[in-house]
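Each of the next two complexes has subunit A plus one other chain: subunit B in the first, subunit C in the second.
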Partner chain A sequence: MNLTNTEYKKYVKKHAVPSPVIKDTVKAFAAGGTICAFGQVLQYFYLWLGMEKEIAPVMVSVTLILVSVVMTGLGFYDSVARHSGAGTLVPITGFANAVVSPAIDNKAEGLVLGIGAKLFSVAGPVILFGTLSSVVYGVFYYVLKAFKV
Partner chain B sequence: MQVNTINKGVKTAKMAEMTIGIIKAFVVGGALCGLAQVIIDKTGLTPARVLVAYVCSGVLLTAVGVYRPLVEFAGAGATVPLTGFGYSLAKGTAKAIDEHGAFGIISGGLSGTAAGITAAIVLGFIAALIFPSQPKFRNLVSRNSTRKSQNEQN
Partner chain C sequence: MSGIIKFGVRPEILASSAVGGYTESKGNLGRYFDLTDPTDKFGKKTFEQAESEMQRLALNFALKKSGLGPEDLEAVFAGDLMNQCTGSSFGLAGFGIPFFGLYGACSTAAESLILAAMSVNAGYFSRAAAVSSSHNSAAERQFRFPLGYGCQRPPTSQWTATASGAFIIGKGGESTGVALTEALPGRIVDKGITDQSNMGAAMAPAAAATLYTYFTESGNHPDDFDLILTGDLGREGHEICYELLSSSGLRLGENFTDCGILLYDSEAQDLHSGGSGCGCSAAVTAGFIMKRFAESRLRNVLLVGTGALMSPTSVLQGLAIPGIAHLVRFSSL
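Up next, the complex of A and B:
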């Protein structure tokens, strides 16, 4: 098949898979929504057990972190995450996965510089910039409060 | 008899309320994840940057008063995505400043998120000790065969 550049471009465009953005987004929506809905079920369960209203959502996060850590260790989380993109990244389970997987992968480097350091390769930036923004917010909140705005 | 019917009615109403709550969590949580996917696809932002951006956005949205109503509306749909982590940081800061004044600026954020951070790093550490790092660990058969070959080498 002899094709000029423009013809080739047309050919590629015609046969290329349509933009995956919509498909990716639907998958991410479904996966992320499912994790959050499961979290909500857990929250109702914890409230039903008599947990305080303030504590139940925190314990939901802790439970999801536990589930994610175990699934990551067993290698299941990665196989799910491959298909759902941001759907398994943005929930707290994705954060937990990002904490554990580099720690497991680098455990051969030792307890301190292997597990100890690599545990924070994603948690570090998240905690740093999160804390930083909370301090900036705190300064604003304090000043506005002092002037009774 | 009548009491029974009333009890049944209350129970059904509660079930309906919970079902709606779960659907709300699904939709709002899903939307936050879908938005992140669009950002990743359109800008090529790395996952780590998305997580950082989501936490900071959570703090910002709480600061301007948008996120709290969202949490009241969607429950876990708003607290489980990482923006909820930013919400806890900001909520903890405001609470600590209300209670302790300026000291709260430096103590509040991490106090508000202490349980989540502690759970992630402690459970992460334990998991890293327990689980082997072979990439083929997924398959139990190959796991056993690697173990065997390791033993033979020893």
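Up next, the complex of A and C:
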């Protein structure tokens, strides 16, 4: 009872049941792999339909986003994601879910200050820092190219 | 100096009621609710309004059971988990009862019971109500992520209960045969836990401190009680609290449990460490515990309402989560 804060934090950390990492990893691998394989099948399908080589992969992304959005809207994306973890988070499906879920959530607060203001509450940092890092990458690319490295 | 309040005139629980959501109806105590709604919306458009509606329904049920009207109540002490306590003020506005809005995080059920009992005991009011609630969807939105956002919760995380509990407290009359005999208001304990998904660990030291003080000062023995019930430590916090007390030489027995553990079948419902929220201890006590008193299967119970006193802002700013635990004793007449 008379533990210091540091001792207590150490004790709590030791006491906490850890996440089942191996089970979670296997499930994430299976879910992520399934999504990617599904994407590949879609790509073959779109090519078979006669789509151009540049258009087909874009259509695959659009389809995966659509599936993810519809699943979020119907309310069972999160039930899948609580098992699949990074498997559904890392592919484009996770990003779509991160944008759509606050949109649905904040509907009651209105179009502008609800949906408009909160739409990127989860995905916003990804967009911001993603864009920023692409700028940094661009600068490096430009400099290295100028010096013909 | 003893901090224990002994209620001389024994404020009684005239009636109580519990209202819950879908997950609660499927839990271990589903049948002890007066009403559950499988949609979690209680006929309202938003989850926030649903939480208010739960409080309104809970107080209505309690009034009906006691045969009293709102005009018979001289005050209501109420609280919830939402910003600025709107769950309570919006839900109870229609009754026209003098209103005290409380925020004790998940300890609000015990806090409101103590305040109502104190004011009845002191003679300021002849009857007062204590109401508290939490709504899983309203709380998740405020404290964590949007509802449909797909994420994994660690094993130590808890599930905010969608539930409300109401008690009507008065002197004598048509009572349930249960009186509030003692109370021990808790002190804020901050042990530096910052992990929002391990609130059991944040609150456990406060619960242990309150229980330790109670047993040291009152001279009572843990075996004197049929149940020693913490509010919402969950499995994780419950074990920590037990170990903290054991290391101080206070060994609690089989009668030591937690409302968050009782409310759900955590394993089958995949709710990790168990339930939390103001509604958790409120509904478990107002529904299940009061029913057991009525059946004479319980005669002496300690409720230690536990609360994690953080806000979404304090968590983002990296501040630790202070805990609090208020103790109240129920005894059959």
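Odds and ends about this structure:
By our rule, the second predicted complex is superposed on the first by the 130 of 149 C-alpha atoms of A that agree within 3 Å, B and C clash if a C-alpha of one lies under 4 Å from a C-alpha of the other, contacts with A are read in each partner's own complex, and residues count from 1 in each chain.
Criterion: a contact is a pair of C-beta atoms (placed from the backbone, for glycine too) under 8 Å apart; a residue touches a chain by one contact, two chains touch by 3 or more.
What you see is a predicted model, and the numbers here were worked out from it, not measured in a lab.
Of the two partner chains placed by superposition, subunit B and subunit C are both touched by A:G85.
Using the contact criterion defined above for the overlaid structures, shared-chain residue A:Y77 touches subunit C, although it does not reach subunit B. Residue contacts after overlaying the shared chain place A:A37 against subunit B, while subunit C stays out of touching range.
Counting residues of subunit A touched by each partner, subunit B versus subunit C, the larger count belongs to B.
Within the superposed three-chain model, A:N5 lies in touch with subunit C and out of touch with subunit B [touch as defined at top].
With both structures placed on the common chain, the touch criterion links A:L144 to neither subunit B nor subunit C.
Shared-chain residue A:V122: touches subunit B and subunit C both.
Once the two complexes are overlaid on the shared chain, A:V60 sits against subunit B while remaining clear of subunit C.
Look at A:A98: by the touch rule set out above, it reaches both subunit B and subunit C. In the superposition on chain A, contact of A:A108 is made with both subunit B and subunit C.
Judged by the document's definition of touching, subunit A residues 20, 24, 72-73, 75, 85, 89, 94, 98, 100, 104-106, 108, 122 lie at the interface with subunit B and also at the interface with subunit C.
Residues 20-21, 24-37, 39-44, 57-62, 64-66, 69-70, 72-76, 79, 85-87, 89-92, 94-96, 98-100, 103-108, 115, 119-120, 122-123, 125-127, 129-131, 133-135, 137-142, 145 of subunit A are the ones touching subunit B in the complex.
Subunit C makes touch with subunit A in their complex at residues 45-46, 48, 141, 145-156, 190-193, 198, 201, 205, 208-209, 212, 236, 239-240, 243-245, 247-248, 270, 320. Interface of subunit B with subunit A (complex): residues 18, 21-34, 36-42, 47-48, 50-52, 54-56, 59-60, 62-63, 74-77, 79-82, 84-86, 88-90, 92-94, 96-97, 101-102, 104-106, 108-110, 112-113, 115-117, 119-121, 123-125, 127-131, 133, 137-138.
On the side of subunit A, the complex with subunit C involves touching residues 1-3, 5-6, 8-9, 11-12, 15-20, 24, 72-73, 75, 77-78, 80-82, 84-85, 88-89, 94, 97-98, 100-102, 104-106, 108, 121-122.
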